[in-house]
Every structure is written in structure tokens, then in C-alpha cells.
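In the two complexes that follow, chain A is the common piece, with chain B as its partner first and chain C second.
Now for the complex of A and B:
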């Protein structure tokens, strides 16, 4: 059955890691990028954390091609807007009546780096982890099985619904609906595209519920797993260490001004 | 507790699945149409809040943005709490009976948009440096050029887009629910939010 997933199935080290290990690593990298008070923090986390892990899983190329498309629009907007319009900044590059301000450029550089690290870590998780394994291992740790069902069957439903959306669009265009052209035309075409799709799929809800009931979905007995997810001792230890390190980093970051003042004697 | 169990019945679970897929697919359609100020990526969430209560709405909103993340749009993940609150508020307004009159329901959309903008602004400012990476950045630029702080500019942009998008989303949900057959609506735990007592003998149907 087709499912909307980004997972790239390779027999590589990253893919063999337990899903929760990858989840914790991703969260740890995000925390690192957010707490280190340096404009290059994000770039360092990306280059020394995300890139080697992506190489290990043989997914650097797809990760990068997805990542730059996400980060580039933000980066352009930030450099233009925050660079040009930083209130009361120091001008560094004059452009006629406008000028790029040093403070704005530092800000845009910092946030772009952070975005590379944060979005890269998310992509590392979604490209390197089969969603069913991720959900099963979360369920083994107490996430309700209905959440697993919801996430996984939505991923299966999306491709089918996209096909249906394409058919509706073709049918409406055959009747003369304009889906391109002026803003007004495109606004008018919204409802004819959306309404049949939404109505048609909600009508299916009842059937879906009956199918679930017939298979004892709401029964509260404990369920077994068709697909066990192997876990290793060293990964469990690694997860706990990264988890504790993340908490410590966050606490340290919050209390850093106090520590700086009272223990290191700075301003 | 009993109401909560009813709110997360099998029918609700099935509804949430369809609602999440609707969020993603309709969100993509609107994105491709390039209509300004409209995203329509939360009509599924609003629908669940209205038909299955605020808690189901909250769960749907949060899951919706996490799923976008798993499907290649990690940019949505930081806004997961906002999406949850949208579902929660749709549920609360539904329980207050605001769906019963069209202007109250549009007002509910407006208020939800306001709250969404207030909650999104700090996330936009902190994670994304105050920009959206889209056409609405013209508004951000305008606010910054006239001396607003990053937070104020993010809020200004958010107010304009969220007020329009959420009011329109609530309107679309209104159209959809009005077009659904009563027999289907009675299957949902909060069907009293959308059905007039005259429509159908509710208790009678629920007992069957």
C-alpha cells in the first residue's frame, strides 16, 4: 500500500538505529543550536551533527535538496528585511537611500544557521526513520495506540486523497473552471475544488469507523505488536545521556546571566 | 470522564484521520493556487473541534503540524501548539452554541484568528527571525521599515493573515457541515453543536 512517507530505505548505520535514538539525537541537535549564544552555532551544529549523520545514512543528497528549499526563502527575506530595516543599526553597505545594517546581518546570519540545524534535524528524523517503527516504539512507551493508528493511516490516506483532488480539479476545469489567471479567478476556484473533496471524504468516516469496530479497535485489552522494533543497550544509555544533557543545557542557558554575574564576576 | 471517552470514540478517531488528510491535501491545493492571505490548512482541525469537542480538536491540531513535519514540511512543527489551540477554540465556540447562527460562527473565526496571531508572533520572531519566507513578508518589511520591532512586525503580519484565514476557514467549515447529511452528523459526539433540536430526535438515535 502506498503511503506518504519521506523515509529512504537504505541498509546503513543511521537506518539501523532505534527510532527513539534518532528522535532524541534530533532533539538534542535542536537544543544545541538554540542554546549556544554564538552567531555560528547553527552552522556548526549542522556541519558537525546533521551532515555526518546524514552521510552515515546515505541520505545527505535528498536531505540537502529538501533543506535548501525550506531555508532559502526565509534566509532571503531575513537578509533583505532585517538587514535593511534594522532600527538604529550601524550601516555597513550603502545602497542609495537604504543601507544594510551590521546588527541586522548578524541577526539574519544567526537565525539562518539555526534554521539549517533545526530543519536539518527534523529532516534527518523523517528521512532516516520508517514512520511505522517510530510510532510503534512511541506506543511501547505509553503513547495511546489510537495516536499510532491516526498518524499511520493518515499517511496512507493522503496519496489517495491527492489523486481524488486531481480528478476533481480536472472535472471542474472540463466544466470551465479557471484555476490559473488573475487573483479573483483563483479565489473563485477555491470552493469548487475544496468542497467536493472534503464532503466526499467525510462521508467515508462512518465506514472507516465501522471497519475499525469490526476489528475490535476500541477493546481495552493490551495489544501485541506485529512488527517488533529491536533496541540495544548502548542506545538506551546514549538516549538517557543525550536527554539529560539537553535538560542541563536548557537550565544552564536560562540561568546563564545569573551564573555570569555571581560566580564569574562579570558585569 | 464519560464525555471524554465519548469524544474519543472510534468515530472520532476515524474523523481525525480524514480531517488530518484534509488539512494536508486542501492546504496543498490552496498553496498551489497562490491565493493571498488564505491557507485553509486547518479546516479539518476546526471540523473535529466542532463535531468531537475541544480536546479532540486540540489533539488534531497538534498532530496536524507534527505530520506536516514527517511529510517534509518541518517549518510547520514549531507552530503545533497554535494549531492545537485553534482546534480547542473551535470546540469551545461549538459547545457555546455559536455554530447555530452564522454571524456568531464568523465572529468565532475572527476571535480564533486573533488568538492564533498572538500565539504565532513569538514563534515567528524567535524561530524564523520574524519572517514567513513568503509573499506576506512584504507586510513584515513594511512594518520594519516604519520602525516596528521584530515582534511587532511579526504580530502585524500575523494579524492580517490569521484574521482573514481563520474567518474564511470557519466559513468553509460552516458550508461543509450544512451540506453533510443529518444521519452522519448524529454519529459524532458533539452533534448537538450543529443540529437544531427540531432536526431530529437526538436521544432516540443515540440510544440505538
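Now for the complex of A and C:
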């Protein structure tokens, strides 16, 4: 493994979209899930937005297998904590001295749905977009290369760090460090790893900075790009439309109570 | 003169002793100059001076005039120097930018920063990949390469920018024997073609004897010898400085001292010269 990207390379419609289109679609789905004032909003966005797009890219199965591992533990704790400890709600299920409150369950349902939609959209972007294409297209539009560098280099350096951590660990085990056993024992065995790993990485940073500078990283001239990231007219239009729609939705959500009161006479 | 250093002195921050103590050096365009010296002689520091990282990256105190490729490096920014002066150092892994995912794009990274048009970039990248023998791995991840390949990638990434001066700081010292051979093959071509001025810090004296036009010896922050490799590298004083002599030089000197050969000429540095030396008696 040489880079920690999640991208799944398939010759499918989703993958062929311009990276920024996918970025905007993901953000739009997230806005939708957060803005619609309904407990099922997140689930609807997930089922009608994320799932069809994931199918289009042939990535539904990996998306789902990553998603439920994130959402399920969260959902369980949400339902237990919010359901049991909602103060002053209406009890629906009684378990001896404990009772689940309706308001708590509604809240947990809403939050879980939103998480499903947000993480789903995020995974849709990560699994369906080559990260370098996304960063190049951001750089082409004026995002500083120091920002994109942080994202891209992290993806490539993390696997390297893992290899290095493994080597340091093996060296320490050869000298008698216990790395197996109880969870506490394992946590304790992590400590001696921190210093060589972190210090070693800091020393490398200086050389990396020199290598980058020697290649004109901080040069203040207009840049060019080796790899073309093809864009299409309809995608540009779609991006603007989704962007404007997102802004409108957010504005509407913020001012909804006011509109409701003064124009619709509901107050 | 592509390099014109005048009385350069430099001390790293918090260092008790200066790393360079009065370096004056002129190098004409196209010269292949080797730098030898023991530990802490100031070789790497000289490389940083020639590539502008002193005083722009390393703080500390310096004095003197640094003129390289027609620029006063103390007045130019690192962004301006990039592309005119290239630098390759020993750790191949740390020279990979990490910003691009394939070998080909990694080579192009410097050209992107210089704003070279795409068509020209393609042409130059492919030429650099050919020169360094990396054409077959162009599509691979830079991190999936061997040490020797990574170092050739670092070289390609500099060559592609077509600098007027290329500074190489022990480019083979962290490689295994196979990797060293690969990198030397590229360096040999550089020495033969003379498309750019090269300053190389290197320990392989026999190789220097074969390929360098000129060699300077550094010791404790000063240049203590400067001249034709044939004359400079056979100096016995190099042994005390931790540089040493080649086996051919040592054997020939020993043989002469013991009266086994009657040759008052220059001691040999390379195998060919040794053959001449011993057959001349």
C-alpha cells in the first residue's frame, strides 16, 4: 500500500464527473439533510441522494460497509442516552425504573439520520474522486498549494509512517518490550513508540521543506498543471445551480421563523 | 563564472564554531566540480550556500558575496532561485514531494511551479525520465520505488527544470550497491554531456578521478586544496583529513617507497592510471 486514498477506480459515471461537481453535490446533500426540519430528512437524503449516486459509481457496497461501522455505534449510544435521559419527556416504553421518552427518541432519530446523510455524502466524495484530481482542480481555482499539499502529502506519508512505526516497534520488541496482552498493556507499549516516531518525522520535515523549495514550491508565478482535469459546460452549470440552491436553503432556514411569523401569519 | 563566492563565512544558529570560515571559489560554466572532505568539513553547508538555502532557509550568521548563475543569492528569493540552481541530497525518500501520486507527475511538479506550458512539460518530463532510466515506472507511485530509483527520480525532478547549476550533496551515500551503480550511470552521462555546471560532494575518489574536471578539498570550513583530480587526490594529507586515497594510490605509494617501482611520475588514482603507472617501470 503506497497511499492512503479511499478512491475506488471504476469506469463509471460518478467517477467521470469533474471532482468539483462531486464536491458540490456532496455539500448540497449535507445542506439538505441539515436544513429540512423533519426527523426523516437525513434518511430521505441518504436513500434518494447518496444511494443512487453510489450505485451510479458502483461503490454502494464499500460505501455501506464503511458507513454502518461509523453510524451504528453512534446510533446505539444516541438512542440509549437521549431516549433514557431526556428530561421531562413523554414515556413510551417503561423498563422498571427506566423509561424511554418520545422526544428523546425523535431527537436520536433525527441526529442519526443526519449523520447517515453527512457521512454518506463524505464517503461518496472520498470513494468516487481521485484526491489528486480534486486538489489540482482546487489549485486551478486559486486555492494555495500549501493547503492542497497538506491534504495530498498526508495521504502519502501516513502509510510511510505506519511502516516506520512497525519497524520501531519490532526493534523495541526485540529488546523485550511487551506489545501483547491486555488492552492496558498494549496502550502502555505504544508510549515508547511516540518519541522516535515523532522526533524522526520532525527531523525529516526540514529536508522535505528544502526539497520542495528547490522545486519552486513558494514561487510567486502563475502555475501550470501537468494533468488535465476535464470539465464540461453542463457540470459547471449544475455546480452553480447547486451552489445557489444551497445558499438559498441555508438563508431560508435561518429566516424561516421570521417569514412564518410575519408573512404567513402563523404567529 | 557561474559561481563566484567571495570570503563566505557562516555559522549555524546555536553553533559554537562556524561551519564555513572564508570560502572563495570561482567556477566557470560547464565545469564538473567534485568536493571532498571529512566529517564536518563544511561540504553540505557549501551546498546550501550554492543553492540559496543559506541564508534563506537556515538562519544563523553569514558574511560574504554569493553570486550564482548571474544572481546575488542573498537578494533573491528561494522561488526565484528554484529552476536556476538544482539541489539533490542523500536521503531519497525525503526528496519526494508527496504532492503527486505518480512518478511522471512527480517529475513534472517543479515545472508546474515554474508555470511551463503543458505541451513543453510533457516533452521535458519524458526526456528526463529517459535520461534517468525511469520511463518504465512512469505510472507507478514514487513511494513504490527502490532507493536507487527514488534517487534517480530526485535527479530527474531537478534535471527536468534545466538548472544552470546542479548541486549534488552525497547523492549515493544512502543507497545500496545496486542503487549506487544506477545513480552513477546517470551522473556519468551528466559529466560527459556537460549540459550544465555540476558541483558534487562525493566520497568515491576513483569515480571522481575518472569524471571530475576539478576537485576541491575542504577541511574545517576552508578550501585547503583545489585543482586537477589527478594531482589533488594523490595527496597523502587527505588520509589524515578522513578522505583517504584510493587503493591504487596507496599501493603505488607503498611500492615506490619500498623501491619496487621506479616511477617518479604522479601516483595513480584510477585503475587505468595504475596500469600505466606500473607498466611504465
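Definition applied: the second predicted complex is superposed on the first by the 254 of 267 C-alpha atoms of A that agree within 3 Å, B and C clash if a C-alpha of one lies under 4 Å from a C-alpha of the other, contacts with A are read in each partner's own complex, and residues count from 1 in each chain.
The rule is simple: a residue touches a chain if its C-beta (ideal position, glycine included) is under 8 Å from a C-beta of that chain, and two chains touch if they have at least 3 such contacts.
Just so we're clear, the structure is a prediction, and the values are computed from it rather than from any experiment.
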One more residue to check, A:165. First (chain B), second (chain C), both or neither? first
One more residue to check, A:17. First (chain B), second (chain C), both or neither? neither
Classify the contacts of A:53 with the two partner chains as first (chain B alone), second (chain C alone), both, or neither. neither
Let me test your reading of the model: by the given contact rule, A:157 touches which partner, first (chain B), second (chain C), both or neither? both
Which partner does A:148 reach: the first (chain B), the second (chain C), both, or neither? second
Pick one for A:225: touches chain B only (first), chain C only (second), both, or neither. second
Which partner, chain B or chain C, touches more chain A residues: B
Thinking of the overlay built on chain A, is A:32 touched by chain B (first), by chain C (second), by both, or by neither? neither
Looking at the overlay, what does A:212 touch: chain B (first), chain C (second), both, or neither? both
In the overlaid three-chain picture, which partner chain does A:201 touch, first (chain B) or second (chain C), both, or neither? first
Please report the chain A residues shared by its interface with chain B and its interface with chain C. 5, 149, 153, 157, 204, 208-209, 212-213, 217-218
Taking the touch rule as given, give the residues of chain A at its contact with chain C in the complex, in rising order. 2-3, 5, 130, 132, 145, 148-149, 152-153, 156-157, 159-160, 204, 207-228
Would you pull the chain C residues touching chain A in the complex into a rising list? 51, 53, 57, 77-80, 82-83, 85-87, 89, 91, 93-101, 104-105, 108-118, 121-122, 125, 141, 143-144, 154, 157-158, 161
In the complex, chain B touches chain A at residues 8-11, 13-18, 20-22, 24-26, 28-30, 33-36, 38, 40, 43, 47, 59, 63, 66-67, 69-75, 77, 127-134, 137, 140-141, 144-145, 147, 149-150, 172, 175-176, 179-181, 184, 187
Which chain A residues qualify as touching chain B in the complex? 4-6, 66, 70, 73-74, 76-78, 80-82, 84-87, 107-108, 110-112, 114-115, 118-119, 122-123, 126, 131, 146-147, 149-151, 153-155, 157-158, 161-162, 165, 169, 179, 183, 186-187, 189-191, 193-195, 197-199, 201-206, 208-209, 212-213, 217-218
